[in-house]
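Naming follows writing order (A, B, C, D, E and F), and every chain is counted from residue 1.
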Amino acid sequence: MIQIILTIALSLFCLAILLALYRIIIGPSMPDRVVALDMIGVNLISGVAVFSVVLHTHAFLEVILIVGILAFISTLALARFVERGDIVEHKRNN
Amino acid sequence: MKINDVILKTVSKAAVLIIFTFGIYLFLSGHNEPGGGFIGGLVLASAFVLLFLSHDSETISDAIPLDFKKISALGVLIAFASSTVPMFFGQPFMSQSFGYFDLPIFGKTELATVTVFEAGVALTVIGVVVNIIFSISEDE
Amino acid sequence: MMNNIILLPMLLPILVGVVLIFLRAYGRIQAWFSIGVMAVSSGIAFYLLEQVQANGILRLDFGGWEPPFGILFVADSFSLLLVLTTTIVATIILLYALFSAGRFLQTTYFYPTILFLIAGVNGSFLTGDLFNLFVCFEVMLLSSYVLLTLGGNKRQLREAIKYVVINIVSSWFFLVALAYLYGAVGTLNMAHVSVRVAEAGQGPLLTTVSIIFLIVFSLKAGLLLYFWLPGSYSAPPAVTSALFGALLTKVGIYALFRVFSLIFYHQPEITHTIIGAMAAITLVGGSLGAIAFNDIRKIAAYNVVIAVGFILVGLAVSTPNAIEGAIYYLIHDMVIKALLFLLVGTIIALTGTAMLNKMSGLMKNYPMLGWSFFITMLSLAGVPPLSGFIGKVLVSEGAVESGAYGLLTLALLSSLFVLYSLLRIFKNSFWGETIVSKEDQVPLKKMLLVPCLMLVLLTVGLGLGTELISGYVTDAAETLLNPDIYIDAVMGGGES
Amino acid sequence: MHLLILAILIPFFAAALIPFLYRRIGKLNIGWFVLIVPLALFIILAMRIPDISAGDTIAATLEWIPSLGINFSIYLDGLSLILALLITGMGSLVILYSIYYLSPYDSLPHFYAYLLLFMGAMLGVVLSDNLLVLYVFWELTSISSFLLIAFWFHRKNSRYGAQKSLLITVFGGFGMLAGFIMLHTMTDTFSVREIAASISQYTDHALFYPAMFLVLLGAFTKSAQFPFHIWLPDAMEAPTPVSAYLHSATMVKAGIYLVARFTPIFGGTSAWFWTVTLVGLVTLFWGSFCAVRQTDLKALLAYSTISQLGLIMSLFGMGSAALYFGDGSDGALYGLATFAALFHLVNHSTFKGALFMVVGIVDHQVGTRDIRRLGGLISFLPITFTFAMIGSFSMAGLPFFNGFLSKEMFFTASLNSASLPIFSAGTWGWLIPVIAWTASVLTFVYCMIIVFRTFLGQPQLKKLDKKPVEPPIGMLISPAILSLLIVGIFFAPNLLGDHLLRPALGGVLPGMAGAAPHITAWHGFQPELWMTLGIIVIGGILYATLRYWKKVYSLIPDTWTFNNLYNRFLAGLENNSNTLTSFYMTGYLPHYFAYIFTFFVLVAGGTLVFTGALSIDFSNDAPVKPYEFLLVLVMMIAAVAILFVRSRLTSILLNGVLGFSIAILFVLFRAPDLALTQLVIETVTTVLFLLCFYFLPELKKDRIPRNAKIRNAAIAIAGGTTVVLIALSVHSGKLFESISSYFENSYELAGGKNIVNAILGDFRGFDTMLESLVLFIAGIGVYTLIRIKSGKEPKKNEDK
Amino acid sequence: METLIILLVGVLTAVAIYLVLSKSLIRVILGTAIFSHAVHLLILSMGGLKKGTVPLLGEEAESYVDALPQALILTAIVISFAVTAFILVLAFRAYQELGTDDLEEMRGVNDE
Amino acid sequence: MSIREIIEFAGALLILIGSVMAVISAIGILRLPDVYTRSHAATKSSTLAVLLSLTGTFIYFWASEDFISVRLLLGITFVFLTAPVAGHLITRAAYRSNVKLSESSTEDALKDVIARPQNPDNKSGDS
């Protein structure tokens, strides 16, 4: 029972990713795409978590945190890029 | 154009702290759990990446006055030199050894020479990644 | 564990290279350190070569893990001959660098990168594990990328892009081939792979996998797929192109020999026929390329291509004579290509141009350079009694023995093209009216000729003193032709 | 070390010493020191004459590469001796001559060093018994000839001639090498003597005829036989002593020597007989025909040399028939040709040497060699005229000179061959004497030209650069000696015949030394005599009417001469190779990738399909869950979408999606470490991409033609398919289990519970170590790329 | 599952080949990145998928998945990262010096 | 059904709800008219979805193995800490890079506060 639920849940997450991918492809603006990517990252976190339940393993719990961290970093970088082009500033500005 | 980044900077400070801790944890736990020198090093490097993104390269280079090229060189040196040590004891190059010791506080603890090797690897990774990002962002 | 010494030709350059990173500001010290470590490495290589003659193949299991589980270095005569040549040639090239390079190159991580390159080359020669071979290749390639772009003028950057991207793709092929091989036989240790392939009888599938290895190493060696070679070898400064010309393709050739003599030797009617066809086309393409251009760097680069084709004729034919000849030629080619590129670099530095039709009469002003070039030309064409001769004879003999008359004809004709292509350089740049008066000539640093003359001596010495190395070469060829010797040394239990 | 080996090496040592010696001796001409070498060698060799003529041979060996059977094996028999004496004897005379001939402004040390190099090499050729060593010296002669021709390398013609001679002779040399290698493959020895002894077993060997023709190729190119003769006239750019020595007396004889040396091996076969004879005759005719039209004396002599070499060659060809008969009387009959060949070999050296020296004197004293500007020199250079006349008349085959004797024997031999009962000579044999006679008529004509056009007629002093006077006495010594020999040999031919030619004959036709005839000048009214008389009559008429029939030459179009062919071949080769190479080496990376992947598809895919390796079997597959399917779908869509997006940022995002999805696949396939690494790397890569994009332009629409797009798509799909098919086959046909179960003991072995990490850190730690090095090098590379720019640092001339 | 992954590898490879055949340098670099994705998956699938549990001995399972390919892929990932970093920087330096990212304009066959 | 199993089931249910939320927010990201509204879907409901599924996972492990995963908690914290910031950054970037508001928006509150760059071919404004 639980396995079935989890499988459904995983599939739904993947579906959400698929939908977000569609948004990445069609755009239209860059921030749209970044938003969608961010969302994919968030869904991945959930996906990995669920999958560790499926497998009864703790081995992937690190991955969850890492995805969180990295999704943040890439969103940050992308947002910076969209905003300024230059994602790491050379000079401090305050 | 001045951009107000207070939220970002505050949050990323906290995040960096978490990442650092986590990176070190990954590095240390690599023997038995996922992680290890490479991953640990990479995660630590990504903390630096976050710092670079949320601040600017000048601030970072002022705050951490290290030559990351030399750090990576040091890492390579540690990795290679530590592996040569067994050669002086008549062992093949790269022989790792490990043992279990009863330490006062930690109880039964495993100590392995491979940790030194992995530390070298981790240092290399950090050094290289930071060096690359630093070099690019410094370019006019 | 005496065998740890096998590692030294690779380990020492790396360690010294890393230490040199900390000595960036001291160009001279870096140079002398590099030369020193190369000289020591060649001494070690020679010692090992002697050891192998006395005690058979040596191996070093890293971390003490028995093959096939760990990584290991295997030193047989073939590897060691190449390591020895590499280190000697590198020492001499570094000497040239010491005398030629100004502060610019010396303080830009030039020497450490060269040392890493050589470490990668030596590692590739010595390793007994296919995946480790890939990693060693990458060490070598990354260093070559850095060296190629060092200084970063337009031409270098432009050619570097092509070179790097093509090599990335060839590395990709390498991984694909490894994946297939691992999927099929489940192991990576060369000797173990060989055992398993022999056990399974190298069916069509393994032959197909071997073809992918062939593609990989052909890309690296410049066998048929040499598109990247002429551009990238003619872009960097003399020292770098000499290193490239002497070493890079040789690693690919080594790998071809190793893989197709140790592992995939069961279906020569497919694999070796393909190699033969590729070698033939390479000879033709290289020969035509060598006479097609007026740019002396390109002429030199296409000469590299011709040599690759020639050596691979030996593998395609694979008789004992041919293999032996190919080994002789391989050693010869490392020496002579280094010399050729150094001389070409020197000529360009003196005349300020690389175009044949813009130079003339250098013989009057730089006679030593001229004679060095003359001997290089003869040696490259395989004119006796210089070093190229014996290899040429033996490879040809192998071709005759196996009835490969087409290859024989092409191989010999290609020598003629080599001769003609270099004769054009010699005729145009050294002979003719001296257009620059004694007063206006660019002074040639005397010391620059010293490394060139050392290489000249080496090529003459290798020719006249063939007997001195013939024992090693015979042993190397025997090991290549009898995979069991290698396999026994690796898999045959017990600690060596 | 045996004295003979030393004899070969001495010239090399002397050559090496010259640069040092030259600085010491001050004003004295270095030639005097050099002269010692050939003189001494000549004496050493001459002392062997009694032994050799008694039938002895001398052999010695110095080891070079014994493990391959390649050694300096020296073998001195009659044949070698006669050539060795020529080399050293002519060498002495030429060096003596050159001391006076060369101007002090010329680079004498170079000249003498090359000359000595040549001398040593040539001695090596004629004395070596080992095929490969013979080849070594053979190439050395080509090289020294090359250097000597280009002695005045600032002249364009010298460079041209030098290159031509090197290319042609080395080309032939490579052919010869192939022939030698074939001989070795057949007989498993490099020793000429051993091969000759055992060759009878191999005449049916598939390599026998290829080897023969290849060896002949070497001989013909070296001896300037038709159609390879074209290098010799251009070689006349060399200083005249060199022409006298290398290009008439010795080096060009190397090919003839080779034919003689290999007659015991290949002789006695029809192919050898006809090839050598016909090539010789054609060369004889063509050389003499071309010689007549020349206006440059040296060019005339060059063609005459070609012609005479053809004559000797054809004689050796005819003589080889003797081997078919063995040592019977028939054998002796045809062996006469060989004897004549040897005889003419010597004679030619004497008279041609003398003639070259004469021409050299004329050139030296008058400043030109152009017949049209010469004439009437007899009153200014009477001594020289005498030598010229002796040489020319000898060459024309007139009595009282040695040329007459050998020419007569030549006619005898050609008549004999015409009626040869073997090799189907009956049908075409009549050609031999006809060609021989015709060529001899032309020879007579040009010999007359040399003498009469130069020395008789009206002097044209205005056209000359200098006023002609007799040269210094030193320059006359050598031609004088040669002229004496010419006459001397005529009157005492058997001195030469018995002591040198007879043993030499034994070298060419083993066991037939006894067949050597007694040379006589008068045989009675035989056909030969009538032939000679005919030559004089017809030749005289032709000479007198030269003006009228010279137009014949203009009938031969210039474009079809072999010379022109050679030039056009080289030029065409350069142009076409440039066109062809530029056609595929476009410098355009996508082209290269197209080649590479096409090659991959064709060869790897081809092997897969044609060897029947393709097998697909799904039974081994793990089951697929719906979410896995969805994830794979996501990746496929993302991948394909990358092709169609126009914005670089979108493509990076899609690449990021791919990377993240792969990390999740890694999770699904139970690889946590991989997932972690992949995630971090992917992010850092994305950050790098973004960092670099700041400096890079936006993606442009790929403006490539539609067909190119279709072609690319085809290559891409084919490539992907090939990868898939091979992978499926491998997966279906797994042969062995992986070794990795061993690593599952990692806790006991390496003290780690994470197997992957134990492999990375311990079992395969070396990979990891090198990988960190790779990373490190990349770091350095990035740093140097960005920080070290060519503009910012002072440029040095090295990094062009 | 293996078949599915292999098909995915095929698609990725085809995409990557198409990308490296285009004349924009950025696309070529993207192509190389996708190549490395493809080959990592290929190695993994060649080792066999899902035949056991996570290769951590702490999991105490009957069998573990093949750990060796994982280690190899890890090495390959890091190496491809190093190379990608290098080529990226090379690309922008080339753009700075040559003023183009069009490979068509980087032929450079007719220069000195 | 033991309590443990009930709790496990509850965890699974949370996960399911989370996944449904994820799909809903994905639909949101497709259907909503402009980037500013879409980012609501992405940040708010997605965060909720991940919170639900992570909590579900946490509960499940707690129930079935008595395993309290610090890493999971850390993960939850981290997501909560960063998700809003990420959303903020993107929308700000969108605004600054001249991404248009939807037609249906009634007011641009920041119009006068932040000067939007007028250069339409802003380096990053590629679409």
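Operating definition for what follows: a contact is a pair of C-beta atoms (placed from the backbone, for glycine too) under 8 Å apart; a residue touches a chain by one contact, two chains touch by 3 or more.
Being a predicted model, the structure only gives us computed values, none of them experimental.
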Centroid comparison with chain D (C-alpha atoms), farthest chain: F
Between B-C and C-E, the pair with more C-beta contacts: C-E
Closest chain to the centre of mass proxy, which here is the mean CA position: C
Chain A and chain F: spacing of chain centres that average the CA atoms, whole Å: 9
Inter-chain centre distance, chain D versus chain F - centres from mean C-alpha coordinates, in Å: 79
CA centroid of chain A to CA centroid of chain E, Å: 21
Centroid distance [mean C-alpha coordinates] between chain E and chain B, Å: 25
Residues of chain C touching at least two other chains: 14, 18, 21, 62-63, 131, 135, 138, 142, 145-146, 149, 152-153, 161-162, 165, 169, 176, 179-180, 182-183, 231, 354
Chain D: positions in contact with at least two other chains: 582, 585, 587, 589, 593, 647-649, 668, 670, 672-673, 676-677, 680-681, 683-684, 687-688, 691-692, 694-695, 723, 727, 730-731, 734, 738-740, 743, 753-754, 760, 762, 764-768, 771, 773-783, 785-786
Contacts with 2+ other chains: residues of chain A: 10, 13, 15, 17, 27, 30, 34, 55, 59-60, 62-63, 65-66, 69-70, 72-73, 76-78, 80-88
Residue ranges of chain C in contact with chain B within the complex: 1, 3-4, 7, 11, 14-15, 18-19, 21-22, 60-64
Chain B residues touching chain C - in the complex, by the definition given at the top: 69-70, 73, 76-77, 80-81, 84, 87, 90-96
Touching residues on chain F, where the partner in the complex is chain B: 74, 77-78, 81-82, 85, 88-89, 117
Complex interface listing, chain D residues touching chain C: 63-68, 70, 132, 135-136, 139-140, 143, 150, 153-154, 156, 159, 162-163, 166-167, 170-171, 174-175, 177-178, 181-182, 184-185, 207, 210, 573-574, 576-578, 580-582, 585, 587, 589, 591-593, 595-596, 599-600, 603-604, 607-608, 611-613, 615, 723, 726-727, 729-731, 733-740, 742-743, 762-767, 770-771, 773-774, 776-778, 780-781, 783-785, 788-790, 793-800
Chain A partner contacts - residues on chain B that touch it in the complex: 2-3, 8, 12, 15, 18-19, 22, 26, 33-35, 43, 46, 49-50, 52-59, 133, 136-138
